[in-house]
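I have a structure I would like to understand better, so I am pasting it below and will then ask my questions one at a time.
Just so it is clear, A, B, C and D label the chains in written order, and each chain counts residues from 1 on its own.
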């Protein structure tokens, strides 16, 4: 049974990682952190975390190592190392150690890393999250876990400091596949909602009325509820940036190619996000894809 | 104020119209019906409805005439008449009469018919519904109404026998536009869900687990809740047939062309439904679009 | 055998019809014309044509009646008549008369009109053309003919005054189907060329070099040869307007729906043209679809 | 001036590379070859080529090193090396040596490799080819060259043994970009032609007539001429395999993502090829994408 004095390591104090790490610390776990840019690590130090000098050392000093990085190549570099990287996690891995990668990663990369961790006698879980900064801060993320169930049972209490719902979805890499399946649907849902909204407004309906109907029928979704009013307000402050959505859809495409299957809807939708990226909108919220539909239809939903 | 003794006419006793007409009758309104095929009218007669010999006579004998037909051309024929049609509704229209067209109609046709009804001194509402046979039977449809608010106020009690939520969305034709906006999103949502589901299953996840995750995250939608298990079961019994979805998407396209706007996602999605129609699936539920994604990806979600 | 003294009627003196009619007259056929707006008919009168007062009279006075109209609804109105139209062609049709409809028409409308013409003892050919104003003027159009071969043989000398290549492609309506098949490919070819061109220029290549390579490899097409330089020059003077291409693609869609087949590429491409129409580009040449690709990619090919 | 006694190295004796290497040898150049599987190298030895033991040695013994490999990762491995690869080309590069990479490569990989070659005092050209096995054998390939003009001038006589048309299109990587621009158009052209062909045949036209019209109008293209009859014959023997087309379109996507531009048509088209790959058609000719359109439309063009 994992008790609260198990030493935890956390690598990747970004906008998501920082609040996640805080929740682990708050729950009473001894926490060691490492981050490429040192300021955020120092911030955690002031809150009581130990700061490690590199990923290898962090791994050697802790039992459960959590990574929350920008993507597959960052995971490869931090965990397996590269010519120019600091000593990587793998150099500190030995029997009994568990790497929990919470990055939105490629299934194939996740499996490959898991193999190498296992070769050293450790174990790995892929545990990407659904939810953005707010649930990360509140510890209410959804976590989709791939890997051995026994390993998940060991680290579950740690995960529970960050997430409310924890799904064991299969073996190594399957957490990543599940995450990508959710995000490809999310991306399409957002774009389709924008197109429908644009259609109705072009037909002459009041945007507020349109949104009200969406939110009071079977077409009510997370998107209509959380993004509809923002589209009306022209409020593109990013909860989940358009650039990150585009990047996630690239991971979906890469994985579909690996599996040799077509994904026609995702493919079209991805191009719409990239038309936004090409026009300087990558730092806006991903709901700003609606501005492309507006532009293509020469319609204005937003009253701003 | 409209009281329960206002004579109501109902034309179009199809799978949706029949239970809707029953609900009006059950609420105590004197009801006159007409239907192209006489059996269903006789069924209503046995329940206490009067059967009229043609649409014109029905209109002349009632105050509020409701039409629930197969589409725009049926509305034109029944309401305005054609060389081969029986005397049409318009011949019985005069001051004070209200036509409530609940058909999923084209906005432009609805506006054109409204103009002609008004020329005769009557008034018209377009009041298409969201929901299929079950809510039609239970009187819990969602009704989106276009037309004059005063007219809606007059007929609202009648509509309330059929629907739980009644939205006044704008002027003539706007009810139709709103309905089409909902259905274009519904069609895309269904197809995108299928694609994501197929992706996850191809990646090796258990379909039941995938569905469970969808239904317990922000990606939970009407589609994941009502169609997900049916996809797993390979149960294509039609609540809303694929052929009707394809037809509705054609109405969306027609309207987009009228408004001269692009609808790229709907257009692609429509082709996927038509690939199913071309292969004999039009009478299956519209969720059977998932079988096309399965086929394209050479994946089997359904365990049946 | 048809000799040069067979009386020919011509209806529809638009940008295409006018030079086509002139070529018939020039070849020595006695020509009677009718046009909705009278100026162009008077222009033909000055060249020696007789002007008829309405389509019915024109048909009664001539043996071969040619129509070159804006589309299916114009054909229905002029040939079959409507409440508000002048006496239609059909009222002048009798045994031995041939209607040659050169309009880009819907196959189903063409077949329906042919049936009615035949009921009166006449015969009909659909004979849409490939080529724009220049070949229409020079008498070098390509003509795709649907209908009975004997009837084509009778009118072939007349068609040869307008076109260099005359294909008998099948029965009634098949000329229209062939025309639509060509134009759906043309529309896709234009859009795909634009996308490839945009890609190469964004990659940093000189537009002139890119075009030179296209025109000297197996990717040389009518589009690369006739439109490539115009894209570089930003010259959108219309040989075939973008609005007409969008309209033709609508006829393709309508026909695909009739046949219940999917046309995924055409559907996407059509939306791209409509995004241009929505933004005021319908009167530019259809090659201006490249400006949408430029805009979506934030790239500038044209040096203008 | 490069004379015929300049020692040339050739790496990658695949279906394309083998006949290309033979043409160099035939022209009288002293040729050294290396190939992963030794049989093809031995075949070249019997024709008079020297066989080198590894890429590094080949590079040290020759002045112009040509690579014709399966793709970007093969180029990286053979030229720059990896943990498990034999000594790479770069170890034999020094001042005056020229690497000519004729692989269909990613522009970004090509530029990166060029940088490393230049650091060693050598120079690099990317020189991908257009054309398949037949022109490779006949020495009539089209070659698109990126890199310094002076370097191209030095190796031009060698390239002329393999190709008839040699275009200098820009700096390092630009040859690759040009090649990808051609192939994205080729892929779309093929798929669109298939869709149009399917449309016409479904409308009832004779496939032979349809093809005849295509080949005698402005819609005549390399595809209609070289693939139309094969579609009718159901002859999918591969000149350029569907799997390779899919792979090339992936390189296009990767590059578009790198440049952050949308390529909507290519994206859709790519999914159609992948639907074929998913269903076991990757070794057929890429024209077999027509069978997917046939299947989606439930139409049969091929009479086989």
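Here, contacts are C-beta pairs under 8 Å (C-beta built on N, C-alpha and C of every residue); 3 or more make two chains touch, one makes a residue touch a chain.
Here the structure is a predicted model, which is why all the values come from computation and not from measurement.
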| task | Going by C-alpha centroids, which chain is farthest from chain B? Tell me that one. | result | D
| request: Have a look at where chain A meets chain B and say same if over half of the interface residue numbers show up on both copies, different if under half do. | output: same
| request: Working from the CA atoms, figure out how many degrees chain B turns to land on chain D, in steps of 5. | output: 180
| With chain centres defined as C-alpha means, what is the inter-centre distance between chain B and chain D in Å? | 53
| said: Can you compute the centre-to-centre distance for chain A and chain B, using the mean CA position of each chain? Integer Å is fine. | reply: 39
| Whole-Å distance, chain B centre to chain C centre, using C-alpha means? | 38
| message | Residues touching two or more other chains, restricted to chain A: which are they? | response | 256, 261-264, 268, 272, 275, 278, 296-299
| query | In the complex formed with chain B, which residues of chain C make contact? | reply | 250, 253, 256-257, 260-264, 267-268, 270-272, 274-275, 277-278
| How about chain C: which of its residues touch chain A in the complex? | 264, 268, 275, 278-280, 296-299
| said: Looking at the complex, which residues from chain C come into contact with chain D? | reply: 107, 130-131, 142, 144, 165, 167, 169-171, 173-174, 177-178, 180-182, 184-186, 188-189, 191-193, 195-200, 202-206, 209-210, 212-214, 216-222, 252, 255-256, 259, 261-266, 268-269, 272, 296-299
